[in-house]
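Following this line, the structures themselves.
Shared between the two complexes below is chain A, which pairs with chain B and chain C, respectively.
Our next item is the complex of A and B:
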């Protein structure tokens, strides 16, 4: 179509195309692309948070230091645990909920969709402070319920005990992560070609067979998208850590994202923090590519 | 069909029971926030929880509103009447979310239309750049943004939170999806009629992408309201905080006064939940459209 246009029209398309794009492009280049470049560039320098201090280029020194930094390694380990636990759980849970509700009438369907989305809308601060109270050693309901149910005999300091703290964080993260995948799966499942499902049923296929052979391949793109957004979300787990444990006790809940914040704000090591940011971005890019590859193969 | 009717009915009943239990568990934290904010200090600190407040009190809200005060607004040398700090935080938050929403909708609607329908050189490159940026973790750019905002003189200013929100390319991506549906003939017809580019956009394009703009508006509003990390790193002075940030600060200062903190949490959560409930149809649409072909 472009080739058949007259030169005058082509020029008009070029000019108007960029005019419409310009306002958005300014924001995008200024507040997304520029900081990304800054992030990569300063990760090779010893920059600190104060813009007026001179900085010098130090090559890969920040990156080398990272692999000897026990806190970073602990954060990396915890971040990987969070991702490995939460991604499959979120996917399976939301697929199950979505397949149980997608055939319902509009009213109940909306009700369930809203309920599972509410923890996201409520906001990380409000959600976190109420969970902090529920986990509380003396006044929290978890200790009360478990003690009265005879499951534990002594109060557990959930967030203060390195054995439980990370699991407690993951539990909250899960409740705030399933909302969007459920909405996506409901929409994907209701778009599945139902004549195929019916044909399979006529041929005597069981529900399970119909699901894996017909529906599953058709919702694969949605699964892939959910895998990727959940991975990104779990990698970025920050508010929960900052508000509940500050990475403690004894770094049991330290995550990369929290350590980046800590390095930049508390230690004022801007370049070092950004080197971690680059590593985090590379990790996410690799994982997304792998997931994409796996989904394509199937 | 007939042979698995019995087991499928049993399965459906069991799954509905499980769903209802899950729904109860997901609603519980919210219930606990609201009822907790209305409980007496004594009930809050007791090791045996009151499942329903035995005695209702508004004392937590009184404490919340009397703890700090701030001017209602400051415009240059003009200073508004003194109000509770929490009210000022709420106003800051509404201002931030509304500005982020308006700017995002206008810029993204224009850019999405351009990327979907205009044949200009470099559009594939630009679109690839946008998609690539979206796959990266947003929070990685936050630390560099602090220094950028400091050099722009915007550190500790609500605009330091608004501008990066507008720059995030999800909106452009979403609006491009919606604009793909505009028939080329309609644009052609408008051009033949001699309509200017801007007129074509406002009279032909906009009415067609309106549902998309609605979805984007509500999506941006809620996300901006709840973007705690960005607010945390950009805003520091007490008068400039958002409601989430204010509650987080209070939590750090009075970490054991759960009644007070629940009152703050209610104030932060209830307005945004109401907005969500009113517009949830658009919201759902935005989430699903953003994922199609994503």
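Our next item is the complex of A and C:
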């Protein structure tokens, strides 16, 4: 139909289209593209809050400093641990739960969806405060149960001990991250062509074979989406750290996102903070590209 | 129709963006005109400013009841009635107040007035060029009336004053007196003067530990909240220092501080806890878990706790007694808190003048007593325009008792360069000490590492 239009009509249609696009485009340019460009530009400067000293271009100095900064390196290491642990666990656990519940009747299915989705819609501050109570060194429920169960003699300072602090953060992250993947997997598994599964079962395929050969390829786009979203969320872990540990003890829970915040907003070193932001963006982009590539090949 | 709709949408966008933009040109001074130069044209604009009421914004941190809307409203209403200047107040918290102010500054949306201490107003925003120099507001009488330490803290090294002080206090610690009596540790404190020696402090902790077990007091270090308490404790135990006298460098690597850290590490009942901050320490103290709190001041002593058992009592009704920090001879150097007002240079002479009027009203007038009472702290000056401020709290027994430790107010070193970095380095150092093996070498290494960090200016 578009091809049959006169050039004038086509131009008018194009203009109308662009006009409709304009509001979103202005916001996209103003709040996404412009800040991104500014972030990259600022990362090559010594920008800070001091208006007495003008900002100067310093080339790659911020980037060089990053790799000599032990706190950044520790933050990078912790961030990678969070990603490496949480992404597979979230994907596998949510797929397992979804597989177990997607054939249930509407009532029980909704119940489980609500249970797992509740931490997602609950405010992160509220969730964190509750977890902080549970982890409390003196009155927390974990120490109470473990001590009364005879498992420990002395209270464990969950968030104050470098041995446990990062694991505690990851545990909270997992509980708040599985809700959406479960809902997505339930939906994806429900949409699998069951005639194929039935045909395979008639041909003698086991449940495992039917899952890997028929269901898995069909839910691959959902898996890819979940992988990328979970990876990005794990890389951007900030609120938990800010509310629970401030990166401590001994930088045991320092993440890149928290260090960016600290550097930019507490020390007002905008250039250095933005350099970290650029590095983080590059990491996320590379990892997402790899995930895309692998999923495409499969 | 479609085209019309598109045009309408585009127009809406343009108007929306215009509304988010800068104020009308008439409200702005000419480009390049600073607040100071703009002030010279003040006389020609006087008629205008008296005709239309000037509206200024005040952002205040929760300094006693200066964080309470009803209390502040009463003060502001009085000011507006007398001057015709309208003041809009926004209440900040210590959790995110700095971020809000910094964001506002970078977006050129800073308030006209701000209430906080010199570590923020002078050392941070002042020296970075965001604040108006108000040194001309201090005449000889003011300089004579204002506490010398408070006055000095309001001046930056360049000689400009970025804060006008209104209230001050000395931070202290608190003990659960009922628990002390039960454990027989009350013999180690001087209730009359609220003081004790280092030796008595450790004897008391041991007695409490022997009686109750568990944690008697915690060196909290999960963040910077309440860090003045841990600094004061460690510095006072053996007379260590935090900075040089001229506030040019940090001196935590003082062997006397290392000795104090080692003694605290080795003491039964004292735990380095990287899981809690000052606020959480107070909560644990109120709940009876800790028998002493290092993050305390008169505001806590006056305020009834959340359990509703009353002022000066724990949640279970135990009596709380404030104490000076222990030192070898029993005379502590307490950490001071100074609070006052500063003016952000927003380039509008009328607003700057209105802000100065506000400061004069709150800090140096017959209304200053009300501003002081609202804070639950002590006046930063002896009198204001003939009003004796030393008797502001004469009718309050607790405040009157607290004045006994005020003479122990020590050096206000929070104005030392690189303060934000130093604060973070301090609690990180405590975390490292707490998780070390407690050997003198490990403690010294941690102290040296973070002291160096504090002394290294950000690139």
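We take it that the second predicted complex is superposed on the first by the 289 of 298 C-alpha atoms of A that agree within 3 Å, B and C clash if a C-alpha of one lies under 4 Å from a C-alpha of the other, contacts with A are read in each partner's own complex, and residues count from 1 in each chain.
Going forward, a contact is a pair of C-beta atoms (placed from the backbone, for glycine too) under 8 Å apart; a residue touches a chain by one contact, two chains touch by 3 or more.
Model, not experiment: these values are computed from the prediction.
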{"item": "Touching partner for A:138 - first (chain B), second (chain C), both, neither", "value": "both"}
{"item": "Touched partner set for A:266, first chain B, second chain C, both or neither", "value": "second"}
{"item": "Partner chain(s) touched by A:67 [first = chain B, second = chain C, both, neither]", "value": "neither"}
{"item": "Partner chain in contact with A:46 - chain B first, chain C second, else both or neither", "value": "second"}
{"item": "Partner chain(s) touched by A:16 [first = chain B, second = chain C, both, neither]", "value": "both"}
{"item": "Partner chain in contact with A:212 - chain B first, chain C second, else both or neither", "value": "neither"}
{"item": "Contacts of A:158 with chain B and chain C, given as first, second, both or neither", "value": "second"}
{"item": "Partner chain(s) touched by A:246 [first = chain B, second = chain C, both, neither]", "value": "second"}
{"item": "Partner touching more residues of chain A, whether chain B or chain C", "value": "B"}
{"item": "Which of chain B and chain C A:222 touches, first, second, both or neither", "value": "first"}
{"item": "Overlap of the chain B and chain C footprints on chain A, listed as residue numbers", "value": "12, 16, 19-20, 23, 49, 51, 136, 138-139, 265"}
{"item": "Touch list for chain A against partner chain B, complex", "value": "1-2, 5, 10, 12-14, 16-21, 23-25, 27-28, 30-36, 38-39, 42, 49, 51, 97, 100-101, 110-127, 129-134, 136, 138-139, 141, 143-144, 175, 180, 183-184, 187, 201, 206-207, 221-222, 225, 228, 232, 235-236, 238-239, 242-243, 257, 260-261, 264-265, 270, 273-274, 277-278, 280-281, 284-285, 288"}
{"item": "Complex contacts: residues of chain B adjacent to chain A", "value": "1, 4, 8, 15-16, 18-19, 22-23, 26-27, 29-30, 32-33, 36, 44-49, 103, 106-108, 110-111, 113-115, 118-121, 123, 126, 129-130, 133, 135-148, 150-151, 163-164, 166-169, 171-172, 197, 201, 222, 225-226, 228-229, 232-233, 244-245, 247-248, 251, 258, 261-262, 264-266, 268-269, 272-273, 276-277, 280, 284, 287-288, 291, 293-294"}
{"item": "Touching residues on chain C, where the partner in the complex is chain A", "value": "2-3, 6-7, 9-10, 12-13, 17, 98-99, 102-103, 105-106, 127-130, 214-215, 221-223, 273-276, 284, 287, 289, 420-421, 424, 427-428, 431-432, 434-435, 458-459"}
{"item": "Chain C-facing residues of chain A, complex", "value": "12, 15-16, 19-20, 22-23, 26, 46, 48-52, 61, 65, 135-139, 157-162, 245-246, 248-251, 262, 265-269, 272"}
